[in-house]
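When the chains are written out, they are named A, B and C in that same order, and each has its own residue count from 1.
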């Protein structure tokens, strides 16, 4: 129940070339911006998009030449694609029926699965009358009903509103934990990926840019996209002992490094001043405010200068500083909150 | 095809009717002899070839007069005339259809100008070896007749009644051309149609005379119409049809002199 | 409601409905009941309904797969094929009838063989009526179903495939139910066209009461001698088709 895949899909203006693996019981999230090729990769695994090259192995057996109906790969599509003319029960029973089960037996399997996702009472409802969260759960039950070797989920929570999302995310995590096959899910939402997945594969422009556990990736982002995703300022520079030089800015850090290195710190580690602060802390430079937005309980300030920067300040601090776009300020970062690692 | 043509003819006559309603200077002008006159002749479909020929001759001797024909089923034409279609001459394929026009007071003096008799039409190779009217009663012989509502059908019934024969046709066609098509394509073995239609079909269809045809001779009456927009050319056209010249054209096509 | 839409809409409605009103005004109401009871009227009506229904069934059987072929496959020359399918729409029906005779007639390309091998001859039979009606009406079904297939979201079919459904199962259990409204609409159009069919029928199947004389043929011949009878027959045909179509519409097409 494990999967190893090398997926190559060539299109006129796009090339996808990624290697993905997931062990039995493992949940792997393909994380990436829109257009990165996540969904194409998923479709390639399912057999819905033909591969230009590479291979797909399920439990060591190559399946890339099999049509989708013979791969036994369950898919939960982004907008679920529940058959509108069938009841929830018959949607779930569809797969078992195709696998040769009789009508009654298939419905028994389906009823059991619906019960497991908490929708026993909605068995005879048509998809049009299900809420988004209910439809998502029916889609999951339908995909699981074929006893798949591999479960694929395409943006499983994207179609839900914020409140339902929270609830379904926790529930989905529980269901995925109970599934003994490999799971690969596609998302552009870092939180979904972090909560649901054991391991992340970050894709940009059709190629894998980083893999690792959620905490590894959160702490050591390797691209701007990942850094923004996990809410960190990230710079690539040259390390020389306890310093990393990024353009005109020289960061001091706790770690000792040499050669190419990343420096990362959260926006909350940045302090802003109207005039040059006393005591001249290190990691200080002049920056210009680009824009201001609310961010949770704080105010997020976008700045430019020698390096682009995000800073989070409290509303009262923002008021005191009289922050307006175009304003010159001093930006400082505490050395204890910066984090440097080899690039 | 014929239906299409007659539909078009109806359309044309309806349109010209509408044109009449708005008295344009053209139609209001007196029908004096001279250039730009027009003569409208409504004639039975079976007269299509002969009347087109006669119309051409008429135009050559009456320079400036344009002859327009509306060929169609006699019954339809009679209806159009009684509904006010602007016709000058009406030539019908049966006295009965002419009668509806005379009864409406629109055709004062119809004259029978030709008569048409029936023939048995068979495909060129005559697959059922039909030789007489009696052969048509053989159930193995597929026979097409015209529907009784149209003149050739009425004539066929009359001839069969006179002969005391009962024929079960496979089809009752809506007009004589459709009947001939079935013969020409070999879909039926025999049909009863007019001698003129057999001749007009140009050799693809063989005609067989039968004595009982004498009982079902069809008279063709012609009349210059009472409300003719062009009364003088109308009379002159009728004269041409009745003349020796007209008779020659008609008999060459298989019609008989009355 | 914007008047640039309303005015032409009403004009269009009047254009379509006024001829019907003409028939109603000129109908010989006094003699109507007697004329309706005439056996030949009922016979023609029965024949029309039966043949149009069978023709529609034949069109469904052949037309739905054809529509699928046109909508879902990438075989070469598909555009030409699509144009060919619509030929019966532009062909004058009488010409269609002649064409059918040339192929299926007793001496036709295929008909000859049918006749020699089985003694079967389609012209002048009720089966011939069905053939003529199906020929003329099938494009309506094919076009409607093809449109529905093109508009249908093919991702549902992909979803079915991932659930293990074979191509045939996908078609039967997903595609077909999802395009059902289009199929029904096409079948209704097809049936209506078959019911009103005249030219191809009279040319290919001939005209014989009880066997091949459908309502439109009876109307046409009645027009020759008895226009009142023609109006009555037309009204019957209209009434029956309006009742059937309105019934179907409410039930299947879901229009209000």
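Going forward, a contact is a pair of C-beta atoms (placed from the backbone, for glycine too) under 8 Å apart; a residue touches a chain by one contact, two chains touch by 3 or more.
Per UniProt, the chains are A = Molybdate transport system ATP-binding protein; B = Molybdate transport system substrate-binding protein; C = Molybdenum transport system permease.
Note that this is a predicted model, so its numbers are computed, not measured.
Visitor: Have a look at which chains touch which and call the overall pattern line, ring, star, complete or other.
Guide: Chain contacts: open path, no cycle.
Visitor: Look at all chain centres (mean of CA atoms) and spot the one farthest from the centre of chain B.
Guide: Relative to chain B, the chain whose C-alpha centre sits farthest away is A.
Visitor: Take the average of all CA coordinates in chain B, do the same for chain C, and state the distance between these two points in whole angstrom.
Guide: 34
Visitor: How big is the gap, in whole Å, between where the Cα atoms of chain A centre and where those of chain B centre?
Guide: The computed centroid separation for chain A versus chain B comes out at 86 Å.
Visitor: What whole-Å value do you get for the distance between chain A and chain C if each is reduced to the mean of its CA atoms?
Guide: Comparing mean C-alpha positions, chain C is 55 Å from chain A.
Visitor: So which bits of chain C are touching at least two other chains?
Guide: In chain C, nothing touches at least two other chains.
Visitor: Would you tell me which residues of chain B are touching chain C in their complex?
Guide: Against chain C, the touching part of chain B is residues 1, 3-4, 73, 75-76, 79, 142, 144, 147, 149-150, 169-174, 178, 181-182, 185-188.
Visitor: Help me check something: in the complex, which residues belonging to chain C touch chain A?
Guide: Contact set of chain C toward chain A: 153, 155-156, 158-166, 169, 173-174, 177-178, 180.
Visitor: Could you please specify the touching residues of chain C with respect to chain B in the complex?
Guide: Touching chain B: residues 92, 94-95, 98, 101-102, 105-108, 123-124, 199, 202-203, 205-209, 212-213, 217, 220-225, 227 of chain C.
Visitor: Give the list of chain A residues in touch with chain C in this complex.
Guide: Spelled out, the residues of chain A in touch with chain C are 46-48, 67-75, 77, 81, 83-86, 94-95, 98-99, 142-143, 145-146.
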